[in-house]
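Everything on this sheet refers to the single structure shown next.
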Amino acid sequence: MPLDAPEPAGAPHASACQRYAAVRAATLRLAEPLSPEDCGAQSMTEASPAKWHLAHTAWFFETFILEAHEEDFAPFDPEFRVLFNSYYQGVGAQHPRAQRGLLTRPDLATVLTWRDDVDARMQRLLQREPLAPEVAGLLELGLQHEQQHQELLLTDIKHLLSCNPTWPAYQAPPAAPPPPPAAPLVRWRRFEGGLVHIGHDGIGFAFDNETPRHPVWLQPYELATRLVTNAEYLAFVMAGGYGEPAHWLAEGWDWRASQGIGHPLYWRQDGHGWCEFTLAGRQPLVPAQPVVHLSYYEADAYARWAGARLPTEAEWEAAATSATPCLSGHFADQGVLHPLPAPADVPEGQPAQLFGDVWEWTQSSYAPYPGFTPAAGAVGEYNGKFMVNQYVLRGGSCATPSGHVRASYRNFFPAGARWQFSGLRLARDVR
Amino acid sequence: MPLDAPEPAGAPHASACQRYAAVRAATLRLAEPLSPEDCGAQSMTEASPAKWHLAHTAWFFETFILEAHEEDFAPFDPEFRVLFNSYYQGVGAQHPRAQRGLLTRPDLATVLTWRDDVDARMQRLLQREPLAPEVAGLLELGLQHEQQHQELLLTDIKHLLSCNPTWPAYQAPPAAPPPPPAAPLVRWRRFEGGLVHIGHDGIGFAFDNETPRHPVWLQPYELATRLVTNAEYLAFVMAGGYGEPAHWLAEGWDWRASQGIGHPLYWRQDGHGWCEFTLAGRQPLVPAQPVVHLSYYEADAYARWAGARLPTEAEWEAAATSATPCLSGHFADQGVLHPLPAPADVPEGQPAQLFGDVWEWTQSSYAPYPGFTPAAGAVGEYNGKFMVNQYVLRGGSCATPSGHVRASYRNFFPAGARWQFSGLRLARDVR
Amino acid sequence: MPLDAPEPAGAPHASACQRYAAVRAATLRLAEPLSPEDCGAQSMTEASPAKWHLAHTAWFFETFILEAHEEDFAPFDPEFRVLFNSYYQGVGAQHPRAQRGLLTRPDLATVLTWRDDVDARMQRLLQREPLAPEVAGLLELGLQHEQQHQELLLTDIKHLLSCNPTWPAYQAPPAAPPPPPAAPLVRWRRFEGGLVHIGHDGIGFAFDNETPRHPVWLQPYELATRLVTNAEYLAFVMAGGYGEPAHWLAEGWDWRASQGIGHPLYWRQDGHGWCEFTLAGRQPLVPAQPVVHLSYYEADAYARWAGARLPTEAEWEAAATSATPCLSGHFADQGVLHPLPAPADVPEGQPAQLFGDVWEWTQSSYAPYPGFTPAAGAVGEYNGKFMVNQYVLRGGSCATPSGHVRASYRNFFPAGARWQFSGLRLARDVR
Amino acid sequence: MPLDAPEPAGAPHASACQRYAAVRAATLRLAEPLSPEDCGAQSMTEASPAKWHLAHTAWFFETFILEAHEEDFAPFDPEFRVLFNSYYQGVGAQHPRAQRGLLTRPDLATVLTWRDDVDARMQRLLQREPLAPEVAGLLELGLQHEQQHQELLLTDIKHLLSCNPTWPAYQAPPAAPPPPPAAPLVRWRRFEGGLVHIGHDGIGFAFDNETPRHPVWLQPYELATRLVTNAEYLAFVMAGGYGEPAHWLAEGWDWRASQGIGHPLYWRQDGHGWCEFTLAGRQPLVPAQPVVHLSYYEADAYARWAGARLPTEAEWEAAATSATPCLSGHFADQGVLHPLPAPADVPEGQPAQLFGDVWEWTQSSYAPYPGFTPAAGAVGEYNGKFMVNQYVLRGGSCATPSGHVRASYRNFFPAGARWQFSGLRLARDVR
């Protein structure tokens, strides 16, 4: 749930109309390389068709803003209320999640027309001055929601295309300088801990799960100055890491065995060595790049093998708010859509890559902060009801829209999920 | 496997080129009402996307005819050989059946281009005179195969659209006279049995599973003069037939319970009574129409409740070859794509609806005829390797192309399948 | 359903009381080597605990005879009516089959007391003269039923003990002469076919599924003069038979792959070569012995690899009734409980091992004979309701009580079952 | 992992020999009411047969103490090392957990003989003076381990007997005064929080997962002065609590639906109202008793419905160490084996029932404490490798041996587990 947000975080000086148009247009641009078939298919229950993302984000504005605040509201199509409801029990029934790929009607063109219709009606509503605080809050929530689905659209399409044995590309490989042969040396940066405050400070937008800001006591700890790389993770693979139970959580060991897993999700070994599937198709594995598409189990096992551990989310956030400059990083807007090697020129001992590139698994279970209260109404289902059996990831990724994340931002996925751009940074105790 | 077929059964005087063009064009017409999304989705493992049907039938001609007989053969796209191989182990690997809906590439346009390319090459090959007997045989097999996939395309699309809670229509309801209030009275037609011959007589095309023609001894039996209707089946439903184990095979009773089944696949009960999903969308249940979309278990349970039984395939075939005129019936070419009530004007005691309307479940397990030998090579996998745990259906349906079936034609599906246009005719012993 | 049986087949001159006592005592002898724990466990849904077999056979007499014919009937324990009902819907509810191993109460001692109680009451009832025909029929049915469970008790215990990694023995290996180094040469015995009659001829007991006797037309065929041996089947395994799809039914190929199967159920390969689990524990594989514990899929694949096929049940029965002397063979009463090599001294060209040693898979789906009518009442559920997706086996095995089988006897199991003593004899067409 | 423990917590003045004998004998007493069949069966993968518990606890001493410290060590039976290894990868292979109920050999008598043998050898070893510190530590760990399995033996037997439709009793209902008509009024007890220390203080035994002791910052909070009762939970059931998604975590809502759950595990409603299955068989539901056998999902849903929440484990532990007297409660030694109503005479505002009666779900995911290090060697697998997707329960239950728990004790189970004696105490924020 958004706090009051007179100046939205991501675009402080844009008017509501401009910001709305910009975020909505960005979603369409992501769908441009895709055919109607690409947009319709669903490769697993956890992922959704691109068309569904396009529709559901229109549904969000129509259901939570237009329905309550538009004069003479009439839905574009009353059946869409159920078809494109994700999980809001307060709104009513939902089409079964696992069958989103079977909704060949409405077709893509109709969904795009719906989006245009919602956009026109939203713009009319936003031009009424002044914007009611409740509408302003829901607007910002809707745009943040739209940005989350932009990232999901990319991760879901990547998974879908990976299921095609021809490994087709979503986009051409971006022109880029050759990657450095090795990542910069990793170092440990010490943090003293003690009583720190985490959670959102109230400046700009935040989801309800980032609140309330509260004190946490931390023991002294250290964080690695960059992300774990492909080269480092490959050493784990080559050392037989997937075959040695001592490295793994018991549940991870069983997960690995039952699914026949021996490397990150999109890695393959062929006659030419290791390659990986990217949104630009098959690419050789670049040693200096951060390893990506790991489950919590894999991240945890690697850390144990490396004599370290995953950070807690409080450790991560305390580090992210003490470091300067904090929010820069490699995000989706650069168009690469794949993590990049750590820069060579980071000031010594400063943690690099805290933001962007890959979401960093933390060892923290996703749980309510002390004093947490979900938002009133159906939007209160946004975050709170998922606070069990999920783990927190921090920092955003190369598929996250720039300006969307912040130090207090809490992403969360089940321990076995690995189709997100998820990787890790090592932590360790100070003894 | 085709027998030698100088004059193909379905179109005796057409040239090979004309017949090829006609059959191939019919497939395209069936796909015309469908969007690219409609063509791409797969609603269950047993069904295939329409695009896959379009592609696999091109694959058949390219793989089994062009590859062996075209000069300077080069595949349209070498990756299609695996992507669109259904189950021919002799040809090599196959894309997993359950994941056909994830093949968003090639897109529909590319598949249609491939079809055009194959058609052009086939026409060039067919214009070479004279056609080698092996090519003629494979050509006819390919066209019969194409017709089978025309029917599957319809049944698979029907299932897919039924999964959309809005029940969208494939086509507009055909203009038709109002159905009669009741089907003609059903009578029993006696057959004396004795030593009869079944199997294909060698005139025209037949699949290998229809051969060899052989003697079978039959006890005297009776067949109902028409199909079981919706009204009759509804009486079974209303009498609690789905709740009384005495009517059911033990496996059927468990099947019904585990899937929560209480009526035919596409029936629903709403405030206005019973309706059913058809290719023309939601329609009220028409009492005089044949009941359709039954599993073997349901057909068997109904027959037992009615004090009768299912016919054997030999009983059915003996009846179908003794009746005159035998091959007329309601097929897909009429465009209705839904079974029609039995005609009122059938000569008394003659079995009506033996051909067309609905496939009739027999009690016969799908097994090799005495002396059966599959065809040589990969096409020998067409039929023989499925001869276990399937039951034979006879007579064709309203979704079968006209001219495709014959009295000796053996269709087969597992006992739980009900997305085909499957219904039943009663049989009983003479005591 | 039993026919009238004034002189029961298995023991023509014994009085009803003596025969009852003898069959019931044989069941107890089979359980003697077993501990209460052995008797309580259930290793898979298809198998039952020995204690359950002991209880269910008591249930059969109490429910179908005592309840209707005993004066002042009172059940031993009214809860047992549900606990030990196998599948008779006409009797009422059943304890779930998969949870039979969880019935630790009643304990084994109580079940044995129940058996004693039922036996005493049955003996009192049987001493009333004369026995009503209905009681005589149910008595014989109950004893035949008891004998079927004697065999199942052995196959189920064998499966259970095989799940223990220590492979404990049910009994000590019987003293026996060393097996011959090789089985006698196999030959083909020709049968002319034509119009033959199969089914029970009405002399002595038969199950309802063996009736009515009826004519069948057979093409000429040949049967192998003995069963397929371990040596022959091992040649199939060593030739890569489990890895070549051309030998397999499509469903068998998938069955094999999904379950990781590469040899018969109880075979293992260790440092000393091939061994197999028997009721006498681990034993080296004896080349001359019949191969046993095959599924239908495996029997069918072997036959295809060998250039032959499985016989139909009519072919088997016609051969079994034409050969002399027909019912001798190696049955459970010899105490070996494992198939033995074919005798060397069979008259040339006569089929040996038709009865006993291993049940022989036929290619015939288990279906009603023409004119079949199940028995009235709940015992009518004995056979008829299983007539789908099962295949017929003929001839009895080394675990079948002597005198229990006959030429018309139809055993049936699903195609994937292989914990029964099931093997095969080859057949082929005469061309 | 045990800390050094010269004077074990549970029995400070007993000699090692006496303490060993007492704990081991207590296990046998728990198995006394059980038949060999009762001891052999396994009702679900998560539960183990009583015989397995008896064997595995012998295995622990033989494997971790005798093998390393006994002169001329020889295992009782070398095959038991694999058969009764629970999950120690460091020791080697394990028999599959789901198949423990199939180990009918060794039988119960043999397992009891093994226990006697291990006990005699352990006593000889313990009489050697002085005990090496490593042995002393492993001894205490083994005894604590034995006590954990005493509780599991009871919960597993309860589950097994509940699967028998006759609901047989493990023991006779204990003679007891009639329960009070209502529990004492519940009150809220305020705790100020701030910087508190949790984790084991080093006095006496503790598992490694209770260490290291460390500071935690808590916001002010309140705890209910007693456990939630059957009467209170029944009000939630009757109010439709299982049918209203707003009360539930999303995963809990799905869990409930997929398993058809509408009340606590052992509750049933019959013609006489609500009853529950207990170790003394079927008993009427006692309103004043604590509700028990809840999953985390149910405990969480109830708390939300009641306008409260679950406590964190730190809140619980801080309260448990501030209250006096802390460790008294209703444990297994009283022989009731079912939770009892809260006493009426607790000093006002003091939390009652913190120890014993039911394990209290906390909202805390089971995670390593800051600085946690598992023990070296295979016993290091005892706790640490389970630290994912489990939730912490505190305080012990009516099935926990007296003296086994302490304020820092961390029990843990997956969110869906409810066959343990698990209930809840409400907590809430101070605003």
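To keep things simple, chains are lettered A, B, C and D as they appear, and every chain counts its residues starting from 1.
Keep in mind that, in the parts below, contacts are C-beta pairs under 8 Å (C-beta built on N, C-alpha and C of every residue); 3 or more make two chains touch, one makes a residue touch a chain.
Everything quoted here is computed from the prediction, not taken from an experiment.
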| item | value |
| --- | --- |
| Set of chains adjacent to chain B and to chain C | none |
| Rounded Å distance, chain C centre to chain D centre (Cα mean) | 47 |
| Intercentroid distance (Cα basis), chain D paired with chain A, Å | 38 |
| Distance from chain C to chain A - Cα centre to Cα centre, in angstrom | 60 |
| Which pairs of chains touch, using the document's own definition | A-B, A-D, B-C, C-D |
| Residues of chain D defined as touching chain A within the complex | 87, 89-90, 195, 214-219, 221, 245-246, 248-253, 296-297, 300, 309, 363-365, 367-368, 370-371, 381, 385-389, 415, 429, 431 |
| Touching residues (chain side chain A, partner chain B) in the complex | 35-41, 43, 51, 79, 82-83, 95, 99, 101-105, 107-108, 160-161, 163-166, 168 |
